[in-house]
Structures are given as C-alpha cells and as structure tokens.
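Below is one structure; the comments refer to it alone.
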C-alpha cells in the first residue's frame, strides 16, 4: 500500500497535461494513476473516522463511502451522457470484485496456505443478497430485450426508477439487518484491522481533500474517454467494464489480497462480495436517481453485461456454499475474468 | 382463516350478477372472492378425509386435490381456448408459491423468530425435483424458441405430449418414493396439524359441494377474463400469471404463513415447494392431456415465463441449501415477486 | 463386461462390409459395435500399465487416455470437416456422462441401497471445475451469438485458440493440483479396483493394437455418417450428440454402474464428472489445436448444446452439494437426458 502514495505526483502532472491539451490517451493515463492513491486515502480516512464514531455509524460510513470513487467517476460520465460507460462500469465493478479480487485473493492466499476456510454464514447472507440483487436487475432487462422496443418508450424509465427504489430499500433493510436485528452474526473483524493514524479532525480534512481531488481527476478522466476510444479504436464498453473498475477499486483490491495472505479469508471475501452488493444496491440506484436531473438513464443492462453478472454471482454462490478455497479455485476465477475481458475486447 | 367464510356471500352475488349480465369486471371480482373460501373448504375437507383414510391414501388425496382449484379454473380456460392464460397461470402458481408464499412466510416468521431452521433433507428432495421439473420444461421451450417455427408445426404437440407423459411418470414415482421406499425421511408433520371437525361423511359432502361451486364460479371467472382485459387494457398474461394464482392459492398462502408464525418452517416450506411441484408435474401434464379432447395445447412456455420459473427455482435451491431463513430473505423474495409483477404489468 | 469381447467379431465384419461398399447404415452399425469392446480393452490396458508406472504417472496416463476413443473418432470427423458433428459429440459426451451415466449409476445403485453417500470434497473440486469450464465455454458463445456475425469473421478463430489455450492450462494446473499440491484429498480408490491381468508388456501391445483398430473403425464410422444421415433423414447433430458419445463411452458407462452396484458411488461419480472435465478441458482444446492443421474450427457451440451443457453442470453441482443419492434422483437425470434426446431428434 505504501508505494501507492508516490502516484500522487500524477495529480499535478494531469492538471498540467489537461491545461496543455495534450494527447487524451496520456490524460486518461495520468488521471487514472492519480485516482488510485486518492481512493486509497479516502478509504483509510473513512475507516479512521469510523473508529471514533462507534461501530454503528462507522459501519454505515464504510458502507456508504466504500464505493465513493466509482460514484464520482460515474457522476461525471452521467453528466456527459455516457450511459453505456456508466452501466458498463457498474457491471465491471461487480465482475472485477468477484472474479478478479476474489480470484487473486484465493490464488495468492492459496499458494501460502493449502486450504483457507472462511465463515460460511456471513458470506451466505451476502451472496444470497447478491443473487437476489442480480435477479432483480435481470428480470426487467430480459423482459425489455424480448419485447418490441417501440412499445416500451417512456415506460422504460419508470420501470427503472421503480426497480431502483426497490433496490435502495433492500439496501437500507440490509444495513438494518446487519447493524441492528442480526448484528451478532457479524464479528468485529473489520474493526481490528485499522489502528488510529491521523486522528479524527485530520481524517476529515483528508477525506474532503481526497474527494475534491477525485472529483477533479474524474472529470479529466471521463472527458478523455471519448477522444481516446476513437483514436485507439477501443470500444467505450471495454473501457467501462474493464479499465474504470480497476482504477476505482485498486486500493480495495490490494487490501483483499493482503488479508488473504494473512489467512483472513473472511475479510477478503467480505470486501469482494460486500463491495459488489453496495454497487448494485446503492451506487446503481443512486445513479438512476441522479440521472433524472439530467436525462433519465434506464437501469437495463446489455445482454453481455447481464451474462457476465449472472455468471459472477453463480460462482460466488458456489464458492460460498463450500466455505473453503484453494489456489486452483482462485486461478479459475481469474481465468473466467480474462476470458470475459478478451471477449469484450474483441 | 375464520373470516374467510364470510366471503361465501359472493356466491349468490356472483350468480345474480352473471344473470343480470353486469360489468365483467364486477363478475370477475365477485367470482374471485367466492372461490377463495371455497378453495379453503375443499382443502380442509380433503385433509379431514385423509385422517380417516390412513396416512398413505391420505397423502395421495392431499397430493391430488391440493391444487384442484387451479385445475378447475384452468379446465374452463382451456375449454375457451385461452391457452396463454392457462400457461401463465401454471407459471404464476409456481412463482407465487415460491416467491410470494415462501417470502411472506419467511418475513412474518422471521420478524417473530430471529432465525428459523428447517429440515434440509426433505426440502432438498423437493427442491431438486423442482429443479429437474423446470429443466425438463425449459429444454423443449428453448429448443422451440430458437428453431425456425415453420419446421415444427405438428411436431410441437407430440413433443408436448411426450414430455407431459415423462413429467407425469416422474410425479407417480415421486409419490412412490415418498410414501413407500423412503417414507421414513418424512415425519408426520402434516398429520399433526389437523383435528377432526366434521366427520368423514360430512367432509365428503363438503368436498363435493365445494368442487361443484368452484366449477360454477370458475366458469364465470374465465368467461369474464376476455371482456375485462379488453375494457381495462390489461394483458391476459398478467391476469393469468399474477391474479388467478393468488385467487387459487389464497387458502394455502394463509396456512403457510400461519405455520411460519408457529415456527414450523418445515411445513411452510413444504407447502410452497410441494404445491409448486404438484403444479408442474401433475396439473400441467393433466391439462395437456385434457387439451387433446378440445384442441391440443403445447407445454411450451414463453421466454418471460421460463425466466421467471428458472429464477424461482434457483432461489428455492439456494434457500434449501442453507436450511435457515430470516426476515431479510423473506423480503428479498417478495421484492423479486413485485419486480416480476411490475414487469408483466408493463 | 465379459460379454463385450464377443463384439470384436464386428471388426472383420466391418472391414468386409466397407470393402464391399454395402449400405452405409450397416457400416455405421458394424463399426460402432466393434469400437465398444476396443474402447474397453484400451481402458483396461491403460489402467494396468498405470499399476506398474506408479500412481503419479498412472494417474496422468488414465487422465490422458481415458477419452482416447472420442479423440480418435473426433480426429477423423475433423479431417472430413464435419465440425458440427465434432462439437455435438463433445457436448454429447459431457451430457451423456453426467445425465445418463450418473443417472444410471444412481438409479441401479439406489435400487440396491436405499441411500448412497459419497465423499463431497472430491466431487466438489471436480464439479466446481466443471462449472468454471462450462462458463468459460459459454461466455464467448453467448457473445458471438448476440453480436453481428459479419463483425467477427477472422476474430472468431483467434478467440477460440486463446480460450482453448486457457482451458488447456487450467487442465494441466488441475492435474498438478490433484497429483502434487492437494494429492492427499484424493484417496487411492481407483488403484484398488484393478488387479494385474496381462503384465506390462502385453498391456502395451494391447494398447497399441486397440488404438490402431479404433483408428481404422473410426474412419469407417465417420465416413458413413453423412450418407447414413441423408438416407435416414436424421440430423448430423443428433448422431453427434447422442449416438457417437454412447459408442465412445460404453465401456466407462458399464464400469460406473458396476461401481454403483458395489456401493462405491465415489468412484462412479468421479468417472462421470472426471470424464466430462477431461473432454472439455483436454479433448476439446486439443481438437481446436489439431484443426489448425486442416481448417480452423471454432470452439463456439450452438445454443442448443450450450443449454444442454449448462443444465448438466447445474445438476451435477446440485448433486455434489448434497453428497447423497437415491433412485429417484437417478431417474430424474435419465428423464432429463431422454427429454434432451427427444428434442434433438425432433
């Protein structure tokens, strides 16, 4: 994690680059590299604040700000009307968390420890919630893909708003479940990991500064997507589904792998699955609501994205039902991710 | 359950209404309301007869008459050639049993008891049977949806008859399994629930009268579907998949929720899953056979219905593999049901 | 198993028949009947050699030659450009192993023993590997079926080669997993089954002779497929997906059922699942590589085949999560197989 902070040098570099209107590919790379350490700082600051605020508010803060980076990037993409990029990055975050992060955790952890066990009951709650969330997301998509499109104009958006509302309510109920009615199911495994480093007031300042810097860099990043994809011949979907999620989640990814190497697979699995849940049930609905301010975005995913989502969720449910992991499982998850990435690339 | 009997007043009301040829929407509502208590009486009478006839014949009676209401309604819909309504109501009964009934049971039960456990091994037999049944049903549908329709005329119906026959044989073998070769797997949980109330001869009279009254009301109901959907602008599929199953299963629904409130989740789950199994393996094939007398109905479902069926079965398999339930799981099931209903509505 | 050797008489019969250019249907039947005992001899010889070579090389030999018959038949089909037959026979072998072989084992074993238990942890490794393999195979297929075909010409084949490479690497890693890093998971259940019969040098001679004879008969078989399907009005897909896999796997099928009758369900399940894994991860990629010598074959399956594959894998995962089997489960598997066969036939 430590060496990531040197990437902060790309903040001034990207600002200068944007000012000089140089090649959009370079702007995309510079702003991406600067977002990675900023997302890390934001995560650490949130966790530190949550130590002082007590477990309940702290859990809520973590659950809300955990995917703030994706939210900010998506916000600017939304403002520019890049709906396909926004939806691809939602799907890509879920796929990346489950296949790449979980796969890498299981692989590296599995090389060090022969078999890694984790608490089935917590993972089962999350993974079954993920199953419901993806099913909820798939149903309207399957309906709209098979029905004549002309019949649906106008109704489309309302369906999206209603489903987003349902997702959001389920999200709030899920928080209520894990922080009130069934909080004893969950240990205090997250809390142990962090020690106070900055103190509360400094943490808040870091949080605010990191958020502002991410917002700036996200604007650069998003505005360079279109010219970059054009000049490289890449599809915007590929950028959305593979590249943006890797940037937004880099800090979390490294944490999950570190936890796996410490044989704390519970935490690694929770990061991957919990973060996916947050994206589907909190970030996606929020983006639909925000889009109403500009131009309504539907929550209907493309068939590609749906298949990838369903596959990821089936896998995580398979994994959860088992309660054990080994390096071979890890490599299989990574292989599926690579196959998906190659397919989208082509 | 008690207040349901006051709904019997809608029998004379619906007869008068039909006679006066009033608005079909009112006829639909009146006949629906009168079927709900009649289905309840038929269920109670069947259960009481089964006390006297011993567990083996009793179990068979329950398994056969359990969905008699759906069978009668579907019979009249079949006679009128409303194939889409019939198939939608088959799919809708399965979805309703699994998502709505099971969801409501888990939700209300889960509010009262923190975690409810149920016997995994029985539910696993039923849920894996359900998986096979839905797979059996999906395969020909997927084949026929992807193959050029012109090539299939004529062969369609034969495929349906063969598959129905296979389903029916599996149903009989399933009864043989649970009442002969592996009957020790199943406790006597159903038997305990009923106490004698009417005596055997009165029960038979009630059964016959309820069946006749349901037949009459079903004819009213079905004949009002077409004019009603036209005047309201609803699709017949929506009526078939959402409204008719709720009417036909209302009595069972309340029983399942009552059992969950008594912390007898085994019984609640068995009602929901067992009833779904009966509909796919017994009611659906029987309707295909009966349709040969009028005009052959294929067993091929629409893509919408299939997706909804597969989703329901995946969920029940997920639930069964766990052996536990809580209120959050219940609310998720209900949410998926509502999303499906909204999608069909639109 | 013993009576199978009398089928060797069909080797000379098929040679004479080919020479006299008689009806292709008879040539198809004669060469099929002669391959069945030859495949059996090849399997026995391989197993006997593996006793002398020690468990590690022995396991590798078994894993590599286990599906040699399918590989040889497919090689000649590939040379003739019958890509649809090759792909159908790959899918058909997997389906046949899981639904028919496993189903028959569970059914016959379940009639003799009420409930048969098997070691969950081994089956879980194989079945989760199978899940990943089929997902890996499905993703590019689903992508190519939904994307405009014109955009893909040329890229198609490269995608197939990359995916085949990924499959093949996973296969090798799987062998490394089961023979090195996690070999203690696996008992020595296979080793016990065989006793030395021929001695090592005689075994090698039998292996070479059987391979040569299978090669000859496969050439007859494959060259009779086209004229036969034309004169009978059968589709080549049906021959590939149902008939060829039954011929190629007959010897293994009978072994699996025999093991189930001895209450060794572990071995029966391992034969069915392990053989399926080998076909997807070893035989299929190898055939794609070989096809580059003639005319590149894509690894993209038809929608029919994919659905059948996915269904089979879902079922085996369901079965594995349970760790028990009974006759009803067996009959359900067989019923799904029959429904698939009827659908392909029509």
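By letter and in written order, the chains are A, B and C; residue numbering begins at 1 in each of them.
In this text, contacts are C-beta pairs under 8 Å (C-beta built on N, C-alpha and C of every residue); 3 or more make two chains touch, one makes a residue touch a chain.
For each chain, UniProt lists the protein as follows: A, B, C = Ca(2+)/H(+) antiporter.
As the structure is a prediction and not an experimental result, all values here were calculated from the model.
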Would you kindly state whether over half or under half of the residue numbers at the subunit B/subunit C interface are used by both copies, giving same or different?
-> different
Using just the Cα atoms, superpose subunit A onto subunit B and tell me the rotation angle to the nearest 5°.
-> 120
So, what's the distance in Å between the C-alpha centres of subunit C and subunit B?
-> 40
Subunit B: positions in contact with at least two other chains = 321
Contacts from subunit A onto subunit B in the complex sit at residues 124-125, 128-129, 131-132, 135-136, 138-140, 142-143, 146, 152, 155, 158-159, 162-163, 166, 169-170, 173-174, 177, 181-182, 317, 321
Touch list for subunit A against partner subunit C, complex = 114-115, 303-304, 307-308, 311, 314-315, 318-319, 321-322, 326-329, 331-333, 335-336, 338-340, 342-344, 346
